[in-house]
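Have a look at the structure below, then the notes.
Chain nomenclature is as follows: A, B, C and D, assigned in order of appearance, with residue numbering initiated at 1 for each chain independently.
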Amino acid sequence: MKIKVGIIGATGYTALEVARLLQSHPNAEIVAATSRAEDGKSLAEIHPSLAGRLDVPIEMLDAQRIAKKCDVVMSCLPHGASAETCKQLVEQGTRVVDFSADFRLSNRELYEKWYGVTHPWPERIGKTVYGLPEFYADAIRDADLVANPGCYPTSVILPLAPLIADGLIEADDIIVDSKSGVSGAGRSAKVATLYCEVNESIAAYGVGAHRHQPEMADLVHRIGGKAISLLFTPHLTPMDRGILSTIYVRPSAKATAADLLKRWESQYADCPFVTPVPHLPSTKHVAGTNYVQMTARDAGGRIVLVCAIDNLAKGASGAAIQNMNVMFGLDQTTGLLQ
Amino acid sequence: MKIKVGIIGATGYTALEVARLLQSHPNAEIVAATSRAEDGKSLAEIHPSLAGRLDVPIEMLDAQRIAKKCDVVMSCLPHGASAETCKQLVEQGTRVVDFSADFRLSNRELYEKWYGVTHPWPERIGKTVYGLPEFYADAIRDADLVANPGCYPTSVILPLAPLIADGLIEADDIIVDSKSGVSGAGRSAKVATLYCEVNESIAAYGVGAHRHQPEMADLVHRIGGKAISLLFTPHLTPMDRGILSTIYVRPSAKATAADLLKRWESQYADCPFVTPVPHLPSTKHVAGTNYVQMTARDAGGRIVLVCAIDNLAKGASGAAIQNMNVMFGLDQTTGLLQ
Amino acid sequence: MKIKVGIIGATGYTALEVARLLQSHPNAEIVAATSRAEDGKSLAEIHPSLAGRLDVPIEMLDAQRIAKKCDVVMSCLPHGASAETCKQLVEQGTRVVDFSADFRLSNRELYEKWYGVTHPWPERIGKTVYGLPEFYADAIRDADLVANPGCYPTSVILPLAPLIADGLIEADDIIVDSKSGVSGAGRSAKVATLYCEVNESIAAYGVGAHRHQPEMADLVHRIGGKAISLLFTPHLTPMDRGILSTIYVRPSAKATAADLLKRWESQYADCPFVTPVPHLPSTKHVAGTNYVQMTARDAGGRIVLVCAIDNLAKGASGAAIQNMNVMFGLDQTTGLLQ
Amino acid sequence: MKIKVGIIGATGYTALEVARLLQSHPNAEIVAATSRAEDGKSLAEIHPSLAGRLDVPIEMLDAQRIAKKCDVVMSCLPHGASAETCKQLVEQGTRVVDFSADFRLSNRELYEKWYGVTHPWPERIGKTVYGLPEFYADAIRDADLVANPGCYPTSVILPLAPLIADGLIEADDIIVDSKSGVSGAGRSAKVATLYCEVNESIAAYGVGAHRHQPEMADLVHRIGGKAISLLFTPHLTPMDRGILSTIYVRPSAKATAADLLKRWESQYADCPFVTPVPHLPSTKHVAGTNYVQMTARDAGGRIVLVCAIDNLAKGASGAAIQNMNVMFGLDQTTGLLQ
């Protein structure tokens, strides 16, 4: 019997990516999809790439009805709204993977400072597992609610956390310069993400003020066991998908790039998607996949880490399915080897 | 003394292109710019590529005030709204280049059928010069109002009109398959022109129903002296700028591609921007310029015409400045050789 | 037990796409890969997107050795060279899917006229099944050698053949205007396909002279039972993948677009990948998938057909795996639902 | 009378950009163009965007003949080869702007270490003016030979040099993360810059080992009067043109981003192309222009500088024409306001 999956907030790119990936998942099927804006249509009418493949009607969100139909719900709602719905769904007895930032951080203060809203379910902040199976597979297995990681944080936590844990790099001098494809900005109609605004152009945004900065710092701290200081600058890059994070760190003691690579190899030996590589990875090397490629280079007294992921796959919907696989006792890679 | 130019509806891509081109025009300067949405800002705040180069405040549209300040006004308003404003401006004694379709067609019926609005100044339909100096330079010279051509029509009328006039091709079997960059769709916030919707994708739209189809047919008829039947399919192409029109025609008598090329060479010998070429032109060959490249190929009993323009330059703002040059007695190429 | 697959000529984009698709195929595995240029490397060194996923050493092509190892070989060699190798492989007892054009056409004269080489295995021209399971599944099932279809032809034969077969459209007035992503041009170092040559640009090429034109005409004739006259113009479009074919046909009798759509629906009711749709398909709707979307529109006395495929998937490697599935008694969709 | 310009090595993108910019230059004209590979063709045959606009025959390089024809020569040859030719041209009495790195560095040792060749004209290293008129206009005015700056260095020296000179930032902790369009990689046939390799992808390259790193450090030292330590990571970005440099610096004393901006405003008050801006610049804001936009942001104890240029214009050919303007007593902006 297949896992029954619901998608809440089905109009965006992460929802489409969930649907795309579940098309070929042998043990799961989409049984419900909701959208306030598109009620009455079908999922394939909103996303014509699903035409002839999926025939799920879009319905209004009714937590009770959805919970009854679904073994697990992917919540693609915006922050704030998502926490509220997750609460209802969990209370109705279904399990939830939450794509929003609502349950990622360690505490309410940090969340409310960066997100500027009152948290609708504060009891669960700091008590909800962060959906990186590379570190938290056990807790994910039994979770009723999983906080699916942010896209940029995934590309930063995976390379940094084991290095901090082992003291191979200095904790107080970390610069993260990330480049993301445009799908990370979502699918709502905004002049800023029109084709002719961002095509043939690269730009920094949210310098030192992006909400993923505290998430990175918080998680590296939790996993690595040491508070870190990190400066994060994201850039909007003219491509659909992909994140490349170039991370400037100072080695501790006499650690070299080779030492870091070796550390990753041992850390991630049993993690099917994390691939330390000798070459400099490009986002194309991981496009459309759940894989993570990362490398390290000695340069001018620092070490430069480069990590590539697909922001929609491992950075969002692929990770969600990986989490679902863990939650339901499947192999992590089920349906994700494409 | 420089020509004083006003831009009405200054937030879009054609307005920006007018500003870009006038930056280096030796005989003209922008003295006014209006936008209802952006009143109070400066032109460079809306279009940051003008930062440090142009310092024109955005004002609300007041036809009397604008007419007083400007020798010529570029109206980048949408159809319907544009005609109304053009009327006021012309009545106030300034000259106008109208980017909208309001004065392009031969008669009111055709306009109202395709545009679905009552024309605000019907006396001027069919009595306003069509702004192709390649055919109408004399009338443009003295015009108070010029109907700036549509982008697709420019790429079709220039190759077809002289061939129809000379009877080199059949008038009743013409297929136009055009490919346009995304800037042709304008700068308003729509999901359909978000980067991630159109990037890495090509699609047809408005098959046989695009408003530029009657404009092409009407103008080729007026210039060539013979009614034509034409089927037009535009395609949205993942690039900022450029139109490539591939036109399938049947030769009359025994005309060959070489004959057609020769005809163009003689027709456009004194037209500085129209360039018949032996190679198959790409949109990149004319990107950012006011030039038109066109060629012809014999194939399977038909002749295939290929014409490349920049939709924002010769397809809109470059043409407008070319028209302005003619209106004010300057060489057509002034400020347009870049 | 898994089907053992070999890839001959493993450096190009179609080879990489075969590898990408076989990653998640439940019943097949790559056991050999050859390349003259890259002997001694591994497949993942040539294609870094496979790093950590596939560990197949590149070897020199030795037909005997490959045939022994493989149940089926994907030949990604260029025409001429491919036929020679296919002959050896088949004679050694392995089955082959040939990506080249060597066995696609009905007869040797047509082949040698358009390809300008003497055919190395003329006995098999006209006697090798054309790898469109939508029409030839039975023959493919038992084939030792399958001629994998050309990318453009796939996007043209699928919509046209049933319409010609039923006499719904005129056979002597068909214009095909196709737009392809750049991967169709292959992966060899040429100035013409450098990023800065083709990015932000669209251009026609090979007008009326492209080798896929006779393939389209030949196959529509064979399937539809009537000789056709067809003019084909391909265009290079600034995107990695995808083909959109816009096809201008004249309806016979009183056929309408709706009739054509109905015809397709019945023709392809049991073909899992062919999807007649009401909307105008874009290449993005099928990107990375083996699906085909097609629609029809009445316009100006003609009917405009629009068909979208992914040139690397259904246009090459996806089709090859679909063929392999049929050859080995698997469901056509196995490993291809992504 | 117009300045007579020759272009040596006319097949590449910088040569085309020189030609494009000189099209509309009121005081200069191209009188000669050379290329070993394309001898016998015309410039417009190599670069079809010049068709109908420029009619310069390509000739073999003969320094004596070129020197006789030209007031100034733009040398677009590769390093090593360029120095040799520059020597001949200067000795023949013509003036030269050298696009290669041959005369940019302060001394022969540094050059030979990073470029791995014996310098063909070592007497002139350290004695040739660096072509940044923002700092060296006086020396450029009288120069027989100008070392045109590297693209990346231009985007780094302009923001950094005045801050180092004034002690506003620490000299020993500077990280430069740059993103460049693909045209910077040149126009020779290489798999690595094929469309399908770099499209939809971003990647770092040459981490800490790019030849522009010593150029940046050397020039900031020369202009700012203090040795600096700088780590440079370039990234290949999927766009034709543009460089965005994100520079991480530590403020000295209590300098803030606002102080740095103020410093730039005073430094560049008389430099027509350098524009400190309040917004975060994108490469699109300066695309196709000679302008430089730069800003600064306080973030986490550091200041993040962001500088955008067009790599082909201000990063190469625009700078060369700006230098030519200075050399011939013209206003710096002549022909460069587009």
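FYI, a residue touches a chain if its C-beta (ideal position, glycine included) is under 8 Å from a C-beta of that chain, and two chains touch if they have at least 3 such contacts.
Quantities reported herein were computed from a predicted structural model and do not represent experimental measurements.
Counting C-beta pairs in contact, the pair that comes out ahead of the other among B-C and A-C is B-C. Set against the Cα centre of chain A, the chain with the most distant centre is B.
Once the centre of each chain is set as its mean CA position, chain C and chain D turn out to be 45 Å apart. Centroids built from CA atoms put chain C at 40 Å from chain B. Mean C-alpha positions place chain A and chain C at a centre distance of 35 Å. Residue positions of chain A touching 2 or more other chains: 197-200, 238-240, 281-282, 284-285, 287. Every residue of chain C that touches chain B in the complex is listed here, in rising order: 175, 177, 179, 181, 197-205, 207-209, 229-231, 233, 235-242, 244, 246, 248, 280-285, 287, 297-302, 304, 306, 308. The touching residues of chain D, when paired with chain B in their complex, are 20-21, 23-24, 26, 48-49, 51-53, 200, 275, 277, 279, 281-282, 284-289, 291, 293, 337-338.
Residue ranges on chain A touching chain B, taken from their complex, read 13, 182-183, 187-191, 193-200, 238-240.
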